[in-house]
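A, B, C and D are the chain letters, set down in written order, and residue numbers restart from 1 in every chain.
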C-alpha cells in the first residue's frame, strides 16, 4: 500500500481509501451504489448544516451524560461547528436518493466528522481507535432517528427562506395593486363577462393569496419540530440513555433558534411521515396558486390585437425565430414548468406508505423531493418578483372601453327592475350592440340620473353603502 | 328453518340463504364484506356478459374434453346464454371493488349459473350435488384466470363502443370545419397573436386528433386479447387440462367475434398488467385531448365583449342566479369535470405494482377504474357531439377585423425584407396603431401590389405555391 | 296546455314543467345538460342541509335588513327548516358535477324553496310573482358566494363524522395494543430483522397515528369556516347590503353550531380554494395512513406457512374458487381499493388552478371529490373497526421463537463490546445458525449473567433505565 | 467597446456579447430569463445532436431548392456535422425548461451554428450580414416545427439505448431463471400460500415482462417519427417551400437511420402531443414493472430470520449505523426512488392540454420530463443488471421445507376428492400442524401411491399431462 492510502474495513471487506479523504469506507461504497440523481447531498446546504447540528447536539448531550470523554466530545463539536458554518460541505458526496433509509447520509456525516475531529486533536485520519465514526460520533444514535431529525430541521430552514421570498412577491403585487387601484375592468366568471371590478382588486388578490399561504407554511413548520431523536433504531430507544432525548433537543433548539422538542411517541414518530405529507400539501398549495397566477397573467396579457389585451408584461426576449416583433410571456410561461412537479407531486405512495412498519424506508426520497420543492418554489417567487411583476402596465383605455360596452352592467339594475326584465334588457343589448344605459333610459325603466347613480364605478366595485334610487315599477 | 330458506356452507360456517336466490353463501358474504363503491358489478353490463361468455367457453371446452357430463354442460351453457342476452344481471350483486382479486365476482357468477342451470334441469336451487358452483361451473378454472379474462373481454367490448362515439364526435367537428373553411382568424402561439389561419383549419384539427386516438384504441385492444385462461391459480395451470386453453379461447373468439388467443406465458400473464397500463395510457390520452378541446372552446367563446369572442356556443341554460342575461359555456365546462379522474388517473401504484408476485391482487380496482373511464369518455363524446359542437357559430366580422389589424402579418414579409427589418416594422405598427400594410408601403419596402399578393388569405393559410414577388433590397 | 303542467321561462325559451314539481325550468335544463356522475346532489345529505341553512340564513338577514317582507321571509325560512330536517331531499336532482360553477345546484335550491314556500303560503307552485326563486329566495346572493359557503359547511359536517369514526378505529387498535402488550417480536427496518419490540407497541402506533390525523382534520375544519358569503358575483359584493355578511354568518353559526364568520377579503376568498387544497392534503394523509396500516396487516398475516405468520386476521369468506381452505385478507385488501382515489387524488389542476380569475369555475368537481373522500374514508374506518381489527390474534410462539433466533439481539451488545466486534459476532451467528448469546458467552465477551441482564425483554423494548453491566474490554 | 466584445441587437435593445462566444444575444437573454432546472440542454447529448441534424437537413433542403447559396449551406452543414459528432456541446447553455415553447433552444442552436459557420468561412463571429442566425440558419423554419422534430428524434435515440439496457436486464434474469429452474417454492396469491411453482418460473417472469415492454417501446418510437417539419409557425407552412418537408425529412432519415417522414396534417401535428402521451404511458409501464420487480426482490429477501428468507441479495454495504451485521437490500430499495417520478409522472396536464390551440407551449417541459425518464430508466436497468441480479442466491432448503409443510398442496387433490372435502382437509391440517399427505392417507381419501403421483413437483409446476390416478369416492 502506498503512503497516500489507508485501509478501512466493513462487513463487505477491506477497501483502500485516499489517506487525505475525510470520508471512509461506508461513504465510498454508498457513492458506488447510488448514482441516482447525479447530484450529492451537498446541493442542500440546509441539510448538511442540520446534520452537523444534530451530531453536535448528540455529542453535547453524550458529554453531559458522561458517555463521551470531554476531549473527544469537544473535538466532535468543533468539527460540527465548522460544517455548520459552511466548511467541508464538498465532503458530503453521497446521492440524496439512496436505499437504506438514509444510512449512507448518516455514515457520510459520521466519517467526515470523525476524521475532522481526529485532525483537530492532531491525529491522522482513519485512527478510529481514538475517535470512531460509529462508536463515538454516532454514539446512542441510529440513522433512523438522526436522519429524520436532520431533514426536518433542514426543511424548516428552507421553509423560512421560502416565506421571505413569498413576502417579497406579495409586496410586488401590492405595489401594482395600488398603481391599478382606479382601473376599472370587466370581472369574468367562467371566462364570460360578469360585473365590473378594478384591476387593483385583481392584483390585491394575488398578494392576499400569497400571504395566506405563508401562514400555512408556518403551521407546517410547527409539525416538523418534534423529531424522534433518541428513539434510535425503531423508536424503542434501544442503546439510548433516558435523559438523552430531552438534552439533545434542547441543544438543537439553541443552535437553530427553533422550538425543537421530542416527539410524544418515538415508535409512532419513527414511522409516521404525517408532517411530511402535511408540508407536501402546503407546498402543493403554494405551487398551485403560483401557477394559477402565472396563467392569469398570460391570459390577461394575451394579444396584442386578437387577445384580451388587458395588461402588458415587460418584454424580456424576442418571442419567435420566424415571427418578427412577436413577444411572448416567457416568464409566466416558464415558471409553471418549474412548478409542475411540485404542483402534482407524485407524493410517493412509496414515500408515504413507507415500507412495512416500523420504519419508513423511503425517507431519502421524501427529503429529496421536499427540499427540492422548497428551493424551486423560492426561485419561482424570486423570478416573478424581480423579472415580471414590477414591469407590468395596464391598457387603461381598452379596459375602460370594454366595461362600458359590457352587458354585465345590467346586474346592477336587477335589484331595481327584477331579474326577468334585466335578462330581457341584456339580450336586447347583445343583439343590437347598444349599451345597457341607452336601452334602459329609452324603455323608461330608470332615469338617466338614476342610472348614473347606480353605474358609478365606486358603486359597482365598492358597493357599500348602496346608491339610493327609486326604481320604476318592476317589469315582468 | 322456514321453507323459504336453504342452508349453505363454507369455511366460515353455515348460512341461511333465501330459497329463491340464485346466488349463494359466497356471494352473500362478499356483499357483506364489501360495500365500497355503493354499486354492483351489474353497472358494467359488458362485464357480466363477458363473465358468462368465459364460463360458457369453459363448459364447452370441459364437455369436449370429457371432463363435464354433457347434460350438465348443456345446462350451464344455456344459463350462460341467458345471461349474455341480458337476463339475470340483477343477480350480480357484489361490489366491483373488493379484496380477494376478483374471487367474489367469480363466485357470484359460479353460484348464479349453477342455480340457473339446476333450474333448467328441473332441480331446486341449492342442489349442488347435481351441479356444483365450484366443482362443475368453475371446473378447471381459478379466479386468477377467469376474472382477468372476463375483464379484458369487457374492456374490448366497451372500447369498441367508445370508438363509435369518438367517430361521431370527429364527424361533428368535420361538419363545422367545412362550414368555417373560409373564415380567416389570427392563429395564436403562447396566447400571443401569431399568423393567420382559418377557423376551419382549427376545427379540422379536432377531428384529426380524435381519429388518431381511435387508432391507438384499436392497438390497445389487440394487447387485451391474449388472456391467461387456462393458467388457473398462478399460471402453472395446476388442475387444468393441457388442451383446455386452446379450446376455451377458440370458443370465446367465436362468441365475441374478437381474435382471442392464449397468452404465450401464463405465469407472466397472471401477474402482468401491462395491457391495462397501456389501455390506461390511451384512455388518458383521449381524456387529455377532449379536455383540451373543451378548454379551447371555452376560450374561443369567451366574452361576449371583454373576451376573445371568436365563436358562440349554443346557449343551453341561464348562466347566473345574479347576473341576468349571462350565458356560460356549461357543456365544455362540465365535461372536463367528468374527464378529470381519467385524465390524471391515479391508476394505482396499487393496481400496477400489484401485490408481490405472482398475482396482481388489485385487478378489481383496475377493472373498475378502466371500465368506468371507458363509459365516461363515451358519454363525454356523446354530449359534445349532440349538445355543443353542432350549434357553434362564428363571429366572422370580428375575426376578419382582427386579422387585418394584427401585426402577425409581418411574418409573411420577412422572407422578402429580412427578420430585422420586419421586427422594426412590427414594433412601429404596434406603437402607432397603423397597419403593417400601410407602414410597409409608406417605407417603400414593398409596393402595394406586392403586398396584396403576399397578404392574400390563400397565400397566408395555404402557402403553396408561394406568391412570387420581387422585394426591395434587405434593410438592416 | 294540460292542467298538470305549468309553463316556465328562461333565456333559452319556454318550457313545460309538471304542475306538482318543486323544481322549475333551471333545474330541468340542468338535469338535461349534466348526466355526468349518474348521481344527484342528494347523495350528499350534508350538502342539501347546508344549502338550506345558507338560504335560511340569507332570508333571516334580508328580513332583518328590511329587504324581504316578513311573511315571505318566514315562508322561505319554514321551507328551509323542512329541508334541513331531511325532507324534500329527493327534489335535489341535479348532478353534483356540472358546468357553471354550481349555478345549477343553487337554482335547484332556489326553485324547490320558492315552490315549497309558495305552498306554505297557500299558493300554487310556479306563482313566482308572489315568491320568486331569484328575486326573493336568491335575494342579495350569487351562486358564487352561496355555493362555496354551502359546500364548506357540508364538508365540516362530514368531517366531524369522519373524526368520530377515526376515534372508534383508534380505540379498536388500542384494545389490541393492550392485549398484545407482552408479545415480543422482531422489529424490522427495510424488511430486514432489526431489534425487538412488542406487538403491542406496533398496534399502539396505529392508534397514535390515527389520533394525530384527527387533530389535523380539526385544523382543516377551521379554515373552512370563513366563507365569502356576501361577496355575491365576484367578491365585490355587488347588489349586496353592507350588513348582510355579518348577519347571515351569525345566523349560520347559530344553526350549525360552528364558528362561521365572514372571510377577510371577499374577492380573494371567491377565487381561493386554499382551504380545499388543505383539506385535500389532510384527507390524503388519512388515506395514506389507512392504506399503510392495511398493507402492514396483510404482510404480518401472510402465510400461514410460507409467510411471516405473525398475526391472524378473522376469516370472513372463503379465499379461492380453486384452492380449498385458502383464506385471504380481503378486508385490508379491499380497503386500499376504496382509499385509492383518495390517496393519490388527481387534485385537479382543473379544480385547483381554477379557470382564470376571479372565480374558480370548477368548485363542483372539488366539492364532489372531497365530499366523496370524506364519506369513503369514514366507511373505511368503520369497516376496519368492526370487521377486522377486533378479531386479530397473535401467533405468540412463532414470534417468541424468531426473536430468540434473530441476530438483531447483537445491537444490544454493541455499547458493551463495540460496533466492529458486534458485526463479527452477527456474521458468525448467521453463518453457523447459532445464537448470539451462545457465541458471545463462548467468546468470553460477556458473561451469561451480563447477557441475561442485557437481553431481558423489558431491557430491549423499554430500555430506560438501561441495565447496568460491566463489559469485557472492547474487542477490535 | 473593448476589442473582446461585440454588440448584438434584438427587440429588447443592444447587448454586449464576448467576441469569442458562439452564442449571441438571444441565448444570453434566455440564460438570464430561465434558471429553472439548474442544468443546460447539453445534459441531453441526444437532443443537441438531433437539433444539429434538423438544422443540417434544413440547410441541405434549402440548398437543393435554391433558397440558400451553396457556400453558405455548406458552411452550415459542416458546423452541424461537428456538433453531431460531439463538438461544441458546451455552447448549448439554455435551461431545458423554459417559456416560449423552445424558442430559446432553437435560437441557441441558430446562433452557435451561424457563428461556427462564419468561422469556417473565415469570418469573425457576429458578422451576420454574411450568415444570419435567423434569415439563413433558421431559413424556412420556425421553433414550432424545428424544436418538436428535434426532441422527437432525441427521444427515439434515447429509447433505442433504453431498449438495449432492458435487454441486458432481461438476460440477467434469464440466467438466474435457469439456475433456479429446479427450486420448488410456495407460490403466493394475496400474500397467502397458494400452490407450488419454481423459483425459476418466478425469475423467468421478470425476463418475459421486460421483453414485452421492449416491444411497446418500439411501437412508441414509430409514432415519434412523423414530425411536423415544414409546418413552420402554426402548421400552415407559412414562409415555407412546398417541397421542403419531403426533402428535409428524407435527409433526416438518412442521417438518423430512422424512417422519418412528414406528418399527415401539419396543423394537427403542431399541437398534438399524442405521441408524447403514448411514450409517457410506455415509460410509466416500464417504471411500474421495474419497481414491482424491486419490491418483489426486497420481499423475497426479507429476514434473515423473521422474514420470508427465500433468496439472498448480494451485500453491497453495511446496513446500519447502530445494528451491527445488518445488511439492507439497498439496491432494490434505491431504484424505486429513482423510478418514482417516472412511475407516477405528473406529466403535465400542463404538458398535455397545452396552451390553447394551435400550439403546445409546454413542449420544453414535456421534452425535459421524457428525456430524463429515458435516462433514469436506463440507469435503473443497468444498476439492477450489474449490481444486484447476478449475485442473487436461493435458500433452497428453506423453500423446499415450506412447500412440503404448506396446505397449498391440497389444491392438487381437489379434482380427485372435491372442493368441499379438500377444504375440510386443509382446515384440519392447519389446526393440527400435520401434513396434507398424512391426513389424506389416514382418512383413506387417496393411497400413498396416488398421493405421490399427484404431488410430484413436476406434476405441480408443469402439470401437462396430468398424473392419472383413481380417486376414492368423493367425500362431502
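As a working rule, a contact is a pair of C-beta atoms (placed from the backbone, for glycine too) under 8 Å apart; a residue touches a chain by one contact, two chains touch by 3 or more.
Because the structure is predicted, anything quoted here is derived from the model rather than measured.
K.L.:
Minimal path length between chain B and chain C through chains that touch?
P.N.:
1
K.L.:
For the homomeric pair chain A and chain C, should the interface be classed as same or different, according to whether the shared residue numbers exceed half of all numbers used?
P.N.:
Because over half of the interface numbers appear in both copies, chain C and chain A meet with the same residues.
K.L.:
For chain D, which other chain has the most distant CA centre?
P.N.:
Between chain D and every other chain, the largest centroid distance is to C.
K.L.:
Compute the distance, rounded to whole Å, between the mean C-alpha positions of chain C and chain D.
P.N.:
Here the centre of chain D sits 36 Å away from the centre of chain C.
K.L.:
Distance from the CA centroid of chain B to that of chain D, rounded to the nearest Å?
P.N.:
Taking the mean C-alpha position of each chain, the two centres sit 25 Å apart.
K.L.:
Between chain A and chain D, what is the gap in Å from one C-alpha centre to the other?
P.N.:
Taking the average C-alpha coordinate of chain A and of chain D, the gap between them is 29 Å.
K.L.:
Counting only residues that touch at least 2 other chains, which ones in chain C make the list?
P.N.:
Answer for chain C, listing residues that touch two or more other chains: 10-11, 99-101, 134, 144, 188-191, 194-195, 233, 238-239, 291, 298-299, 318-320, 322-323, 325, 327-330, 333, 343-344, 349-350, 355, 361, 411, 414, 419-420, 423, 427.
K.L.:
Once bound in the complex, which stretches of chain B touch chain A?
P.N.:
For this pair, the touching residues of chain B are 185-186, 188-195, 298-299, 301-308, 318-320, 322-330, 333, 344, 349-350, 402-403, 405-408, 410-411, 414, 419-423, 425-427, 429-430.
K.L.:
Going by the contact rule at the top, pick out the chain D residues touching chain B in the complex.
P.N.:
For this pair, the touching residues of chain D are 9-11, 99-101, 129, 132, 134-135, 144, 187-191, 194-197, 201-202, 204-205, 208-209, 212-213, 216, 219, 233-242, 264-265, 267-268, 271-272, 274, 277-278, 280-282, 284-285, 288-289, 291-292, 295-296, 299-300, 343-344, 346, 349, 352-359, 361, 411-412, 414-415, 418-420, 423, 427, 460-466, 476.
K.L.:
For the complex, which residues does chain C have touching chain B?
P.N.:
10-12, 26, 29-30, 32-37, 97-101, 103-104, 106-107, 110, 134, 138, 141-144, 146, 232-233, 238-239, 291, 298, 315-323, 325, 327-338, 340-341, 343-346, 348-351, 355, 361-362, 364-365, 368, 376, 379, 383, 387
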